[in-house]
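These notes concern the structure reproduced below.
Order of writing sets the chain letters: A, B, C and D. Residues in each chain are counted from 1.
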Amino acid sequence: MNAPDPLLPLFDVQSQRDDRQIAIDAVGVHGLRHPLTIQSGTVLLPTIATVTMTVGLGAHLRGTHMSRFVELLEAQSDPVDQRRFGTMVQAMVNRLEADSGAIDLRFPWFVIKHAPVSGARSRLDHEVRWHGRLHEGRYTFRMGVRVPVTSLCPCSRAISDYGAHNQRSIVSIEAELAAQTPIDELVAIAERNASCEIYGLLKRGDEKYVTERAYDNPRFVEDLVRNVAADLDRDSRVVRYRVEAENFESIHNHSAFARVVRDRLRETRTQGTPS
Amino acid sequence: MNAPDPLLPLFDVQSQRDDRQIAIDAVGVHGLRHPLTIQSGTVLLPTIATVTMTVGLGAHLRGTHMSRFVELLEAQSDPVDQRRFGTMVQAMVNRLEADSGAIDLRFPWFVIKHAPVSGARSRLDHEVRWHGRLHEGRYTFRMGVRVPVTSLCPCSRAISDYGAHNQRSIVSIEAELAAQTPIDELVAIAERNASCEIYGLLKRGDEKYVTERAYDNPRFVEDLVRNVAADLDRDSRVVRYRVEAENFESIHNHSAFARVVRDRLRETRTQGTPS
Amino acid sequence: MNAPDPLLPLFDVQSQRDDRQIAIDAVGVHGLRHPLTIQSGTVLLPTIATVTMTVGLGAHLRGTHMSRFVELLEAQSDPVDQRRFGTMVQAMVNRLEADSGAIDLRFPWFVIKHAPVSGARSRLDHEVRWHGRLHEGRYTFRMGVRVPVTSLCPCSRAISDYGAHNQRSIVSIEAELAAQTPIDELVAIAERNASCEIYGLLKRGDEKYVTERAYDNPRFVEDLVRNVAADLDRDSRVVRYRVEAENFESIHNHSAFARVVRDRLRETRTQGTPS
Amino acid sequence: MNAPDPLLPLFDVQSQRDDRQIAIDAVGVHGLRHPLTIQSGTVLLPTIATVTMTVGLGAHLRGTHMSRFVELLEAQSDPVDQRRFGTMVQAMVNRLEADSGAIDLRFPWFVIKHAPVSGARSRLDHEVRWHGRLHEGRYTFRMGVRVPVTSLCPCSRAISDYGAHNQRSIVSIEAELAAQTPIDELVAIAERNASCEIYGLLKRGDEKYVTERAYDNPRFVEDLVRNVAADLDRDSRVVRYRVEAENFESIHNHSAFARVVRDRLRETRTQGTPS
């Protein structure tokens, strides 16, 4: 899998080189699980990341050096925060002698929560994605969070004499960020716009609270993405974003789904250009 | 992968044979996707099965004939009902010159449903498993269904001034059956014991109905498995069973879970034997 | 989940409407499994699709009509080919009174193959995606295929005295197509550029053939995507594409991965515009 | 979800109690992700476990106390080794006022390896399962490991003029253990019986080594399970076991599969009883 020395005899290398002239946008390792300590805001957390590391490859080169990606990852012993993550991307591009490259980390992230009435303490897990990319001399960082919440259907509530169907939903935010942003802040944006937050541990008084709170805050899947989008619009760190919500409907075997995408950069450019 | 002729030179075969003397309980092909038409009750449905086919292998034989499993599956052009499925298992054991063997099919099965008020027609998908096994001269057939339903929490309803958390649940039944049993009958047992059935298509009047019906029929995860178990206990075709329910809690990021297992054969034998 | 009549009393609807003014890019149903007969080229095949159907929703509308998506899907009784799929997308946008919309189908597709020496017949399954989108008055169709193949590492072959590590790989093509394109043609492009094709059923003579053929055709993950890209570049129906290859390395617990992306439309526009 | 006080009015509780008289084999929480530090042998490793915790529930009790499971897990701040895991199971059964119970942990476990020629250091991830069960006064502990290895087909090697198909395989061992057993020892049993071990990081000299070593050690899926079984048979800590191997065939889109199951306890009893 490692690119051979040019001196070694290899099948058909020369002729293939002549025919194709195709640059590769991304080549590297994918699906590599690795323990990492992630630092975000004031929190330091050991977790298990699933890692993709790729670089661009010029049209004149047959293959990349796969083992170097793993060496770089193995050498990462310090905790990784948003800034050091950018340094990792730059170091990879340098080590692979490339012009562009990206690292993608996906890892569970635990937030400590206190139940709304009893104050009982428990952890809640979220799927987080960090994606750093160096391309044409510019570094961009995207963060993704997948946040479980409760949604309660406004229509079901309005038309029923009692009760209302509700369910677990996943609110996904993926945002390009121009500044340091703690994971917990994106999680909080998703949570505060749902019918109710979710908790790992609820005592009886808490269960009454979350049941009534969800009933008091019915949200369509459309409401979830709009409310989150409105909050992201107010956040100056967010350059572009995609918000999705998926309701695992309790009355169907499929999901209700909604998505809002916004790219402020493009809007700014458009506004700045007389058309 | 196919067992070689004894005449072909193979690495270390003889010495391995002497050392091990270990019979293999099951060897064959796994994870093979194949289009099959399944017949169950009066319904004939083309579906896509994920197939495992295995046989027992004596301690004196080095390997089985992997390609024969696929040949047998490819030769199956007729619709498969419960009886023909047994014939397939026997044919496989014969063709592989084995004493025992099993075929495992997992496939989506669609039930046509009518919404409770509007009568609107839609399909609902269930995961079904057929497992046929020939062992020590006896053939046994197990059927599994995974049925999505609505569960509404009795505790949440009882302690809250309004509303009650509810969610999608999966009720799984796996039963060894002594007689022909339509898939739809096992599905119906799971559905009728839930807080409410699930539908693919609901109009507004239907949504009001299912919301109120679930509220009128609160069920713990414990209730789901007990009610299904009680129904299976009354069914003379059921030799042994395992019932599981998993509630994808709308207020947590984990599931509530329950299981009841019963083996009537063992009970009968125990009762019949003076101890 | 269905949008209520404006006359029904609903929580907080008016104020939310005033605050947000956010159009929704896509809202609808997701993860719905449905049996469909797909027609592609001369092949007609019943399969099981996993369906997403969404429409755009203007800033002034609170919610879409979720049940209409399922009604449309249930009403689709004819086989779906590429042309009728476009009609389905248009019908959905009309029925939902929207300006834009997309249908996404993912389904297993079976190709009948004959083993290279024995001619033994078997099916091979591929994951296929059809994505039709109506946006700003223009309809675009994308087809994706995920094709399992064998890859054999050129480096391992070159440096080893005997043998070479090889493994199953998935070549994924996703292409926007300007004209009817049978699924099997995209599958064939992936297969003919691998170290060797994969088969459901191989007899001993076939196994010898594919073993030697893979050894005679070593391919890096980079070679896989470049060769497929070169073929797509020559195909006038392909407007833009993304090719990915993932090798489930037999010597690692992670994958080697490569991607080539090309957008001819953008290139044409750029070339046509004096800058 | 938490069992209500008997004083609270609940739907239909009394009549259901009379009808059913069905004890529940297992009820609790499922699919809960939680960070845990696992100690095994001399290794201490923070990881992320997916947890199931259940207890048996008598026929006379309507529901269990779901929140207590999560409280117990949250209170576990010390590293968990095999002995402390047993204490956790006992504490859970006590706290839930039950007669039986089980905890199931599934977590990635990383083994540090050195490449065979260069000595390059990297981690390799394995899926591990710890299952502790208290039932009828007896505690049993089962450990499962899923170990990725290389398998090279003896038949393909024997019949081909050059090369041999090989692929990643997963060897799964699940063993009931009568004494402390480091995870790494079960992993090593799986690795040493494969065609070759797998590594996270291989330099060119290492790649030559593993390629040739796999070619020198061809193994059928049957060989994998037999060789592992033979090693487990010699290990006095192993009370009963199930060994499975799945080869993700590089020449097919399905797996070759084999399983050996052995229960020494049953054999001992049978031998000890005059029949």
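The rule is simple: contacts are C-beta pairs under 8 Å (C-beta built on N, C-alpha and C of every residue); 3 or more make two chains touch, one makes a residue touch a chain.
Note that this is a predicted model, so its numbers are computed, not measured.
Placing every chain at the mean of its C-alpha atoms, the farthest one from chain B is found to be A. Annotation: 36 Å between the Cα-based centres of chain A and chain B. Distance from the chain A centre to the chain C centre is 23 Å, each centre being the mean of its Cα atoms. Residue positions of chain C with contacts to 2 or more other chains are 1-2, 4, 32-33, 125, 153, 155-156, 159, 165, 200, 202, 204, 207, 249, 251-254. Taken pairwise by the contact criterion, the protein chains are fully connected, each one touching every other.
Considering their complex, residues 1-2, 4, 32-35, 45-48, 67, 70-71, 74, 108, 110, 120-123, 125, 200-204, 207 of chain D touch chain A.
Those residues of chain C that touch chain A in the complex are listed here as 1-4, 8-11, 13, 16, 19-20, 22-33, 52, 54, 57, 62-64, 66, 153-159, 165, 216-218, 220-223, 225-227, 229-230, 246-247, 249, 251-261. Interface of chain A with chain B (complex): residues 124-125, 148, 150, 152-153, 155-156, 159-168, 196, 198-200, 202, 204, 207-208, 210-212, 214-215, 248-254.
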